[in-house]
Structures are given as structure tokens and as C-alpha cells.
Amino acid sequence: YRPEREKKPLVGVATGLAWTEVGGEIMFIEATKMKGKGSLVLTGSLGDIMKESAQAALSYIRSKAEDYGIDPDIFSQVDVHVHVPEGAVPKDGPSAGVAIATALLSLFTDIPVRMDVAMTGEITLRGRVLPVGGLKEKILAAKRAEIYEVILPAKNKDEVMEELPEYVREKMTLHFVDNLEEVFKIALVREPKPLKEA
Amino acid sequence: YRPEREKKPLVGVATGLAWTEVGGEIMFIEATKMKGKGSLVLTGSLGDIMKESAQAALSYIRSKAEDYGIDPDIFSQVDVHVHVPEGAVPKDGPSAGVAIATALLSLFTDIPVRMDVAMTGEITLRGRVLPVGGLKEKILAAKRAEIYEVILPAKNKDEVMEELPEYVREKMTLHFVDNLEEVFKIALVREPKPLKEA
Amino acid sequence: YRPEREKKPLVGVATGLAWTEVGGEIMFIEATKMKGKGSLVLTGSLGDIMKESAQAALSYIRSKAEDYGIDPDIFSQVDVHVHVPEGAVPKDGPSAGVAIATALLSLFTDIPVRMDVAMTGEITLRGRVLPVGGLKEKILAAKRAEIYEVILPAKNKDEVMEELPEYVREKMTLHFVDNLEEVFKIALVREPKPLKEA
Amino acid sequence: YRPEREKKPLVGVATGLAWTEVGGEIMFIEATKMKGKGSLVLTGSLGDIMKESAQAALSYIRSKAEDYGIDPDIFSQVDVHVHVPEGAVPKDGPSAGVAIATALLSLFTDIPVRMDVAMTGEITLRGRVLPVGGLKEKILAAKRAEIYEVILPAKNKDEVMEELPEYVREKMTLHFVDNLEEVFKIALVREPKPLKEA
Amino acid sequence: YRPEREKKPLVGVATGLAWTEVGGEIMFIEATKMKGKGSLVLTGSLGDIMKESAQAALSYIRSKAEDYGIDPDIFSQVDVHVHVPEGAVPKDGPSAGVAIATALLSLFTDIPVRMDVAMTGEITLRGRVLPVGGLKEKILAAKRAEIYEVILPAKNKDEVMEELPEYVREKMTLHFVDNLEEVFKIALVREPKPLKEA
Amino acid sequence: YRPEREKKPLVGVATGLAWTEVGGEIMFIEATKMKGKGSLVLTGSLGDIMKESAQAALSYIRSKAEDYGIDPDIFSQVDVHVHVPEGAVPKDGPSAGVAIATALLSLFTDIPVRMDVAMTGEITLRGRVLPVGGLKEKILAAKRAEIYEVILPAKNKDEVMEELPEYVREKMTLHFVDNLEEVFKIALVREPKPLKEA
């Protein structure tokens, strides 16, 4: 089974790129919130590194809440659930960081994420985007899923430019980014506005 | 020992389909709530993937509460217990997702679930229904339990149509679905109504 | 050491039947409550399946509290402790379900349990009684302890009728039951009355 | 190192009897309480069975609080710590039950425990005293520590009478008991009085 | 690396003595408190027995708070952290009990601990000091660190007197103690005063 | 991939030095805070010793809050997250203590940390700086990252002076420190001021 791309922008969902032994694959990151007490639930057979990635993504959004127009009180009033289908497939590694952060920002700002863009990259708590592996396979997976725009770590640019076949590169729009700000500008259908100072 | 189908629609119960080494079997998902503080208890020798499935099912219902006419405050005022008999038989995998979600929606809306319908399918946090394994064995198990209507993932349709013997297919009503909305329309005796906007 | 049967009905105690490698044995389920905050403590070297059984028994009583005349608020105001002597003997399996549920209902209604009745059977969250193993050995253990009345799962009736020697069956009163309601009617010295609707 | 008996009655301490590969030994059970929130801390390299014993002992005292003149509110206002020196020696088994219950009752009633009495026996949640092992070695250990009065399970009486050498039995006062009530009558310097009904 | 003794008395620090395969060593016990909610954090690669020791030390101080002039309410208003450098060196065993209790009493009374005294000994919940191992090596380690006054368990006196070379014993002041009261009289720069009865 | 030094001073970030099998490396410690309830999250595949280091660093800052002009109430009103990229690389050991403490003090005082200074050293709860390993490799890593000022434990001075090649030592400014006070004076762009007494 291979997931298919969604057509229309969606709130709380982002399209990541996984790299497995048998090649690349697109992978949806689903985030939802519900009235609650501030807990974070992570499901989808996620390994420790991927869970830490999700924690870092949430902390990034929480610590920058006001810059993105999010009332910081909301985080103690809801529970957040991040799920990565398919549930039985073990997943790990830090490279879903940008996609998780994007899904979470969308969830809390109610701004939809473009479903015709896929993304990969480790994030840091400051929003830096770090290089990851399997770029070629991931880009090919996006293309196979008919997603022709991909967000990638700037630090992987040389490697991508070298290894990616000419005929693929021509069909794709590749965004090389250094930080989450750049990711959000590309992936969200509009930019979040900061809360006004009282 | 083999469970027998129930005759009348029941609140908080749904009929799932398990696939074991010795064939398919029907499996009741039992959900109950009681005055409490918002905890979720999962019993029945469930493996991690099945527990994550139940968490995703509950998050789905909680995040869509108002659409289903459920006061979102209820979830912090009750404890929920999901049990899957028989208690000593280890169970795992994501395919009980649709049945767990159905039992939970019934529990919180007080709308009974049809007991003459069985179901299987992984769910995602957005309510998508993903394909699962063991379809043929599961459909045969439903038939053996005198349940002639089964809800299945749309993504499994080709496989089912190909593998299921003609004489079985003729006796069964098979519903191929893409999302939980379709499941609930078939499995609940009536549709839940959204809370009115104030 | 072999426990001996109690003579008089007791509150918060029920007589279960265990099946070990060396035959059957009676086993007391002791339940007590104390001013507290709603926690459940399970002791007696209980395995995971038996602990889940106890959780299901408590959830059953909690979710039906008003039907049994129990104020649902009580469960958050007390701590419950279920202990199964002897403390050093490992115990597991789902077959103590009916005895645990009976001890708990007695504890919260203050209605004594008959000590001249022993019982075995797995329960589900809806109060169904499912078949268990070791019936012959368990019935013989009851007889040896001078308990001549035993509650058993209806689904085990054929097996019991076939395997139990004639001279034992004649001395015993065997109750074959389908659900907890039937268990409580036999085991408690009187029936609990539901809370009146306000 | 061998602990020596204390001379004067003490609050919150009881003298248990341990049975190790190299013979019997006396063992102090120390219990203390402090302003807190109802937690129970168990230290002294205790195994799971011994920890469960301590939980059962505390539940017994809590559930009978008013019978012993203890305000039930106290248990949520203090933290309880039970420690069994020596800290580095692993200890397990259910036989310290009577000594732990005695130390706890003393702690909450402020009635001192006689230090010239040692005790052994498993307890149940209802206060029954069950038989234990190593009786001969334990009685000899008491004698060696110059403790000439020992509380033992009634169910061990035959075994003790048979195995204990005549010259030891003559020097010792052996109390064979069936329940904790009898233990407390012997071990505490005076009997606790129940709270008066308002 | 070998820690050097401090010159002046310090609040919340005590000098323990460790016994390792390569001989004895002095070891600082550092305790600090901060506005909080009553939690206890233990760091320094401490094993379970040493952690239990620290819990017992804290319980001792808490349960005797008023005798030492400490408002018992403080313990629920601060978090306590006990750390034993060096962080990467695994440490275990009960012999740091007296040093931990001393550091904690100093922390809560604000009375400095003499840094020219080292100490070793297991403690019990009642404040008894029990014998420990490695006395000779520990005393030599104190001397090597230019600490000439050492507090030791009374039960170790015979062994120390026998094994310690004459030329060492002459240079050292050895205090053999039975309980924590004696330790505090020696190690703190002044005695804590009890809270006055209201 | 090798991280590059930042140019401008940053709040909540400090430059540590890691020592791996393949040499030294600079390593950013990122700390962030967000409206919360006082929890501490540690990510970056950190081992137990490094996690304990971070706890000690936070306790140090909390216990000295007023000396650094930090309102002690803040710690129960925020959650703190410390992350050390890259997420998939296991890290352990106590030597990041000084960098973690520096990042945390910066975070709570809002005083930026100089990014042209790297640092290594174990800390104790009292703020002592203890010696660590791999000094030569770490200093070379700083130089390679174009960081020419390094803070080191005073106890490592002899070793550094002996082993570091002349041509490296000449290019570097090495600060040998005994405690965190000295670290903060060098690494923060200005000194924090204590809260005034009311």
C-alpha cells in the first residue's frame, strides 16, 4: 500500500518523506487537538528519536506562539495528538522534524498546509533545519506521488545537485532552506500574523 | 470457544474481525464510560500497535466531538475503558481501528451499533480508512458467525474481489469505505447530529 | 497449606477457584476500600491478565453503579485494594473475573457474599461470562473445601457434564451462567436495589 | 553484623524474623510518617512480594482506621516511609506482614510496640494470618537475640511443635495467632480504642 | 582526579567517604533546595541502594523537623536536589547515609557543616548508625585529603582499632557513633534548636 | 555534517565541545522556555549522565535565582526544553555541564551568550567546575570551527599546557575556571544583577 497525495490544502496535516530499505515514500504527519490538559500523544510506532523530534517541534511552536499569532494559553487547554500512518510500520529518525513542525503550526493557526509540497529535514529547538539522508530516494518518492515541489535542508544542496538525475531535477521545484521560517512561508497557504502587543 | 453474534443493536459495542494463524474470528470491542477524570484504560492483552489504534480512535472522536453532538467537556469528566475479550488472547495490529472508533462514538452519542455488521480497517487521526490484511479469512469468519454485512477498506477492494470465492461474495453485503464517516453511516442505527452553534 | 472455607457470608470477599499444575484450589478474593482518591491497588503476585481482569471488574461495577444503588461519586473518594492470598504464589489468567466482580459489588453495596458458593469465569466489560479451563479440577477443589455450590460459565456446561464423574455431580449444585447478573443473584445474600431517579 | 534487640517499647518499630540461607535473624521494621500528601515509600532493598505485603498492611490499617481510633483523614495528610535495615541486604517474601502491620498501627495510634516480642506471619487484606516458612530458624534467631516471646501463625503450630527442640520450647513463650487482632493485643503495650460515633 | 577538602564550613554540603576497588576517596554530598513542590532529585550515577539511603535520610529529617527547628511546611514548598560528584562515576551502597543526612539537615537549618570532618555510616529511619565496610581505606583517604577527624559507626570500632596502623590512629580523631544525634553534634558548627510549642 | 559557529551572541544557546571517537566537535546546547507548569524536557539522544548534568545545571540556576535577578516563581510557570542537535547522535557524559548552565542562565536572564566562545567542564550542584577528558581534541575542534576562545576546567590546566601543540596554544585564548561564576563572567555579554531585597 502506498499513500496518495491529497489534492487540497489541509489543516493539521503535512507531507513528509520517509527513507526505508526499499526506497523513499511519502508519509503524512497528522496532528489534531482537543479540549484537554496539555498532554502530547505520539502514535504510529514511532522510535525515540522521532518522538524527540515531535517534542522539539511542539516546543518550538509553543516558545514562539505569540510570533505566530497563537494565544500561549491554548497549550494548557488542549491535548495534542500527532499520528503517522501506517500504524504498524516502525518509523524513526529526526528527518520528519520540518513536517511535524508544519503540521503543528497549521493546527494551532488554522492555516492550511499545501498538499502539493513534500518536505524533509531535521529541526533544532531554535528552528534551524539540519541535513538528513536519503535525499535522492525521497525526491523520487515525491515525484512518484505526483508531488513536484519539495522542501529540503540547504546543507544537502550540494549532494542533491550532484546525485539527482537531470530528468528528475527538471521536473521538480526544490526549495533549500536553513530554518523553519522559510519552510512555513512555502508550505502554508498564507503567513501567520503575530499577536498584537496590548 | 468462538464468540457468537449478538442479535440486537448495542451501545458501546462493535463487531471487529481478527485474523490469526488459524483463520479469522469475530471479536467484540467493548467500550464503557464511568464518572471519572479523563483516563483511558485498555485491556484484553492488547499489543502496542492496537493500543495506539485505540488512542487514535478516541482522539478522532474527541477532536470532532461537536460535529457528532457530543459536549467536549464530557471527556474530562469520565474515564473510558476499552476491553477486547477474550482477556488471555494476545491481540495486536491496527485493523481494529474502525471498530474501536465505532464503539466509542456509540458510547458517547448513546446511538446503538448494528450487531449484524462486522468491520475491519486501520484508521488515521483524520478518519481515513487504510487497507489491512487477512480480508478473505475475516469475511469468512463473519459469515461463519452469521454476519452477512461487512465494512472493509476501499483500498482492499481489488484484492477482495479477486480472492473471495464467488459463492461467498454472493451471500455477503460488502461495504468498501474510505473514511470513518461512511463507517458510521452504515454501522450506527441512526446518524449523530452536530451540536447547534450558540 | 490449603485455605479453608469461611462459614458465614462476608462483605468484600468472594471464593474463586484456581487451577494449577497440581490440581484445583479455592482462592479468596479480598477487596477493601478506604478514604482516598480513586486509585486501585492489586496485590498477591498477580500477572497482567489477572490485573486486567480486576480492572474490567471494577469498570463494570463503576459503569453500572446507579443500577446497583451505588453513588457514583464514591469511586473518586476511596482507594480500592484487591488482594489474593497467598502473596508469594504467582497467579494469572482471566478466570477470577466473576469472583473479583462479586467481591467488589459486595464491597460497595455492603451486601455480604455467601461463603458456601465458589465461582469461576472470565468476564467482559458488558458483564458477559466467558468459558474458562480446568473445570473438573476446580469443582473437585470446591468439594474438597466442603463447598457444594459452584457458579460456572454456561459455555462450559457440555464439557463439565461430560467430564465430571457421576458421584461428584450428584453432590454438587452447579449454576451455569451467561452474565454477571445471574452470578450476583446467586452469590450475594440479597439483591442490590438501584438508586431512585430524582 | 547482627542487630540487637531494643530494651524499651518503641513507636513505629516492630521486630520481625527473617529466614535466610544461613539461618534466622531478627529484623527491625521501621515506619515513620511526616507531613505530606499520602505517598508510601518502601526502602531496604525489598522485593516485590514484600512491597505488596507492606501495601496490604497499610490498606488494612487504613480500612479499619476508625476501629483503631485513627482519624481516616490523616492518611492523605502524611507521607509514610517503611524501611527495613540493613539497606544493602535484599529481602523478600510475605512473612514480614504481621510486623509491618504492627509497626504501622503503632505509628498511627502512637502506642509503643513491645521490643521483647518478635513476630512472623503473612497477612491478608482482612487481617488473617497465614503460615510461613523457616519457623525453627526464626525462633532460634529470636532466642539468640534474647527475645523470648514470639508471635507465630496458628497454621504453623503443628510444624513448630514437632520440629522445635524441647530445650528451646521450654525457654520461649510462643503465641499462635489467626488474625491481626490477636497480634496487636500481644505486641502493643495497650489496646487502641475506636473513634466514638458522633 | 581527586577532590580536595574545602577549608570553611559550608551549608548543604558534607564530606563522605567512598570505598572503591582502588582504595578510599573523599566524596562531597551536595544538597540544594529551590522553590518547588516537594520533589526529590538524586543525581551522580547513584545506584538503587544509595538512592534509598537518600530517601531515608530525607524522611528522617522530615519526620523530626520540629525537633530541629524546621517548619514542616517547607518540605512541600521546595524541591530538593542531592548530587554526588563526579557525575560519571557509578556509586552505590548505604554508607553515605550519615553524610547525606548531615547535608540535608544543614540545608534546612542553614547551619554550616564542618569541612574538616569526614564521615561514613549506614542510617536507619530512626537515626541509628549501622556498620559499613572499607573502614581502613576510608580513614586513609580522609588523611590523604588532610581531613584528620572522622565520624564512624560504633559497631565498627573493634575492627578499626584492630586494623588501623598505629601511626595513622595517632594522627586522627575518630568519633564512633550510634545515632545521627551524635553525628550532628560533631559535624555541624552549632546545634539546631527545636521549634517552640505554641 | 559539522555545525558552524554562529556569529552574533544568542539568548538560550551555548557552544559546548564534544569528544567522540573520531575527534572533537562543537555542539550547540539549545534551551527554550514556554508557558507551562515546571516540567523539564531533554532531547537529542542524551544518555543518563548527560541528563543528570542538565538537571544539576537547572537546579543550580533555580537555587541561585535571586542572585541572578530571576524571579523564583518563573520556574513553576514555564516548561523548559533543552535540546542538543543532532537528534540522532547519541551523546553522554558530564562535560556539557558548563554549557548547559550557561544556556539556561541566558534563557532566564535574557542576556545573550557570546558565540565566539566554546566551553567544556563538569559542574557540581554548588557550581564547581570539575575536570573532563579529551581537552586537546576539543580545543582543536573549537579552532577548526573558528572559535578562538575556550573555557576549560582549572583542574585540566596542567594537562592542556603539556599536550597542546605550541602553534595551537598561541592562537587560542584559554580560560581556566574553578566555578560557574567565572564561566558566566566570560560567556555572557553582560553580568546578571541580583534581585533587590524588598
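So that you can tell them apart, the chains are marked A, B, C, D, E and F in the order they are listed, and the count of residues begins at 1 in each.
In this text, a residue touches a chain if its C-beta (ideal position, glycine included) is under 8 Å from a C-beta of that chain, and two chains touch if they have at least 3 such contacts.
This structure is a prediction, so every number in the text was calculated from the model and none was measured.
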Set of chains whose contacts include both chain D and chain B: C
Interface residue identity across copies chain A, chain B - same or different by half: different
Fitting chain E to chain F on CA atoms, where both chains share a sequence, rotation angle to nearest 5 degrees: 60
Distance from chain E to chain D - Cα centre to Cα centre, in angstrom: 30
Inter-centroid spacing, chain F versus chain C (mean Cα positions, whole Å): 60
Residue ranges of chain A touching chain F (in the complex, touch as defined): 38, 48-49, 52-53, 55-56, 59-60, 62-63, 65, 72-73, 75-76, 93-94, 97, 122, 124-126, 128, 130-131, 155
Chain F to chain A touching residues, read off their complex: 1, 10, 12-13, 28, 30-37, 41, 43-45, 79, 81, 83, 85-88
